[in-house]
Amino acid sequence: MATLRQFKPEEPWQAPEGEPLVRIENITKRFGSFYAVDDISLHIHQGEFFSLLGPSGCGKTTLLRMLAGFETPTSGRIFIDGQDVTDVPPYERPVNMMFQSYALFPHMTVADNIAFGLKQEGMAKAERQERVAEMLALVQIEKLAQRKPHQLSGGQRQRVALARALAKHPKILLLDEPLGALDKKLREQTQFELVNIQERLGITFIVVTHDQEEAMTMSSRIALLHEGRTEQVDPPRRLYEFPSTRYVASFIGSVNLFDGYVVEQDDDQVIVQCDEADTRLLVRHSQPLVPGMAVTVALRPEKVRVLNQLDADAPNQLRGVIKEIAYLGDVSIYHVELPGGKRVQFTQSNVQALAEQPLTWDEEVLLGWSANSCGVLTE
Amino acid sequence: MKRHLPLLITILLFGYAFLYGPIISLIVYSFNESRLVTVWGGFSTKWYGELLQNEALLGAAWLSVRIAALTATVAVVLGTLAALALVRFRRFRGRGSLEVMVTAPLVMPEVIIGLSLLLLFVAMESVIGWPAGRGMTTIVIAHTTFAMAYVTVVVQSRLAHMDLSLEEAALDLGARPLKVFFSITLPIIAPSLIAGWLLAFTLSLDDLVVASFVSGPGATTLPMVVYSSVRLGVSPEINALATIIVGLVSLTVLVVGWVLWKQEKRKQSEAH
Amino acid sequence: MKLKQHLPPARNLIIAIPWFWLALFFLLPFLFVLKISLSEPVLAQPPYLDLIREIEDGLVTIMVNFGNYQLLLEDSLYLSALLGSLKVATISTLCCLLIGYPMAYAIARSPSHWRLPLLMLIILPFWTSFLIRIYAWIGILKGNGLLNNFLLWTGLIDTPLEIMHTPFAVYIGVVYNYLPFVVLPLYATLIRLDLTLLEAAADLGCRPWKQFLLITLPLSLPGVLAGAMLVFIPVMGEFVIPDLLGGPDTLMLGKLMWTEFFNNKDWPLASSLAALLLVALIVPFVLLRHFERRAEEGAA
């Protein structure tokens, strides 16, 4: 799972004077007494591949539809390129959407589908044909131009939907679960292509997905949504390595969570007493914390090493028994039970095809990790 | 279900025999030389000849066809509008009453529709002078009123099953709502509009009771002629007429059904 | 939906056009029926007296005549007609269900590529003239008609059966014409039945006929009741079938209304009959809408 992003060091969202392309200001959408979107504010910049990630019902699709113009916010404003588009209908926004069900017009050919948006803006026929050819080439379906949607496979329909949405060269492309209907291999291939196309055309993509792997692979930044609110908005790496809440930590990837309370704190390190693991943990953390405060230490499984012997002075060491092993081919996931009953997960790459002494069930292990590899969560 | 196959087939056969027996008897006896049903006088097409010379019948048939065509066209427009309103607009003032007014004609006894409309026309004529006398216009209005309810049902079901995201996609690509309706929605629901037109046409062509109430001098429809003829007894000319109608209808349905079936087969074989 | 947000004037037009047409040509006429039912018959054109008799110096005289309703309630003829209509409507509804349910069930269970043709065959007669098909029954049911000739020929009977102009003929005619009204909605309900429910019942020890009784029948009940109302309501006011196939003892409201209107030229009385029938149909109509909604919910 490689990150495909090739962003230059100066990420646009960090430049102080950069005007964001999309400004979502305090948007709320209420259905009766249910808040689908609860006071969300986001800035999205030109050229980003921005993902709205979250489980079903978190409000991501509603938010996307408000950007497209199919839902009006209960309160708040949306600005695209400096212009207030909150009340602007979808056919007047510089935004195009690729629908989850593709929504290809069944009574038109592929070429006509792609040309539809161009016809609406009154583009001349010759120019239209040129643009359609350009789009067909972009998604590599030149041969399918005269076919009708029911004559295409799922993957082909997806390309047509993409081509149609890009045909008008919109400033922003909205994608609603674009890879949902594809099988795994096709999905991986399409992820590469989507990122390529986005970088080539320089269009801002805003994607809704529930698949975190997808979001992590393709995005420049991810907004993790939960129950109508944003939990964290950050590039994938920061989201993974520096989650800001328990929810983010457990949603993205796997994590070991140790509940405890603050014992003492140095400049950049804090000692946390964790009773369920019956140990003290040392964590690097620069924000000031109150001693006695309840916190959670988050530790990613791959950051854990198997130690040969106990170092009495070093922190972050745990002894336990391997209870479960999941062999995934490239890595293996081990579940270790501590004396108190708590389970800790760690992963190891299977570096050797046949290890001399592989770890096995009921084997006692000593686990350790560095203070820099874990984090403290206060929420 | 294999165990029950013989039973199911028997039920279906009896049912279809019941439905088609009378029709077949009509057809058979339209070719009967003799006037009487009891006697088979030999094969003859003379009744068809007599039918084609029956001016009153032919005139009435022509009138009925014109009325039916007009009715069907207006009913399709009104019915589609009603279907659009009920399916696409979630809440609006008057929704409840529209729903009732669109379902009631489906079950309302024809005598009530006929009588009430006649009273309306009479009152309207005395107050505003229109409709001046009853005839083709009043029949078309009356037929349209109940036919549109059927059209609404047919179009409504197709509209409700249509993928909404198709309209959204069109809006997203810059088409204004009116354009979306004509370039996207209409082509997709077209089969139901055609079905609705045919349905309204048939209902109008076939109506006796309502037409009897709201018709006037000089506007005698085919059912009215057939009815007065039938009251006098069995008439082989009517058999001939019946056979022609059955033939035309069967032909139309077979052709339409065959075309649709081939379309489906083609779609299925082309899709992956 | 999205259309409505962006073009309010058009949206109102889409709603208004059919609404006003129906309000004018469907609903308003009922008010006239009520109005005329309170009038008196005269030998004139139109054959009733206007309710507003005089307008003099701002004094408006309105005469309301309840005599028609009085007549309806007093003369047993009208009560018999109401009962007759009820009887015919109820019995034919039951017959339609008894014949139509098995047919709908059989079609729903048949191989999928048979279903459409089978349904088409049910609908096909509906497209041919209803009047002519009833007329066909005359030829079959009358004294020297097909049925009698066939039965005499086979020796099953000695003298011709008198079927024409009896209630039995009316039942045959009604069931014949209204069968598709039952088969189609029932088919729609049955086809949506989840067959795995029956498998689960079988797995738990339920025999096929019991599966039908405990699972299929209850789940299809809303469709059955909706279909029943689709037959009952129009048959209550049916005219052609009792007129052509029935006799002097098949007293039904539709026939009576026609006679009062065309033969006796008594528009007010006919109107009061219509009003009576309308009132009698309110409850069945409400039931129809209720069951239709229940049937739809069951499918969702």
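For reference, chains read A, B and C in written order, and residue numbers begin at 1 within each chain.
Definition applied: a contact is a pair of C-beta atoms (placed from the backbone, for glycine too) under 8 Å apart; a residue touches a chain by one contact, two chains touch by 3 or more.
Just so it is clear, the model here is predicted, and its values are computed rather than measured.
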Most remote chain relative to chain B, going by C-alpha centroids? A
Counting C-beta pairs in contact, which two chains come out on top? B-C
Return the chain label for which the distance between chain Cα mean and whole-protein Cα mean is smallest. B
Centroid from C-alpha atoms only, then distance chain B to chain C, rounded to Å. What do you get? 17
Whole-Å distance, chain A centre to chain B centre, using C-alpha means? 56
What's the distance between the Cα centroids of chain A and chain C, rounded to whole Å? 60
Residues of chain C that touch two or more other chains sit at 2, 6
For chain A, write out the residues touching at least two other chains, lowest number first. 70, 89-90
Give the residues of chain B that touch two or more other chains, as numbers and ranges in rising order. 168, 171, 176
Would you mind writing out the residues of chain A in touch with chain B in their complex? 68-70, 89-92, 95-97, 99-101, 103-107, 116-117, 120-121, 148, 150-153, 164-165, 168
Under the touch definition given earlier, write down the residues of chain C that touch chain B in their complex. 1-4, 6-7, 10-11, 14-15, 17-19, 21-23, 25-30, 32-33, 35-36, 46, 99, 102-103, 105-107, 109-110, 116-118, 120-122, 124-133, 135-140, 142, 144-146, 149, 176, 179, 229-230, 233-234, 236-240, 244, 254, 257-258, 261-262, 267, 270-271, 274, 277-278, 281, 285, 288-289
Within the complex, which stretch of chain B touches chain C? 1, 4, 8-9, 11-12, 15-16, 18-23, 25-26, 29, 36-38, 78-79, 81-82, 84-85, 88-90, 92, 94, 97-98, 100-113, 115-117, 119-120, 122-123, 141-142, 144-146, 148, 152, 164, 167-168, 171, 176-178, 180-181, 198, 202, 205-206, 208-209, 212-213, 223, 226-227, 230-231, 234, 238-239, 241-242, 245-246, 249-250, 253, 257, 261
For the complex, which residues does chain B have touching chain A? 163, 165-166, 168-176, 179, 184, 187-188, 267, 270-272
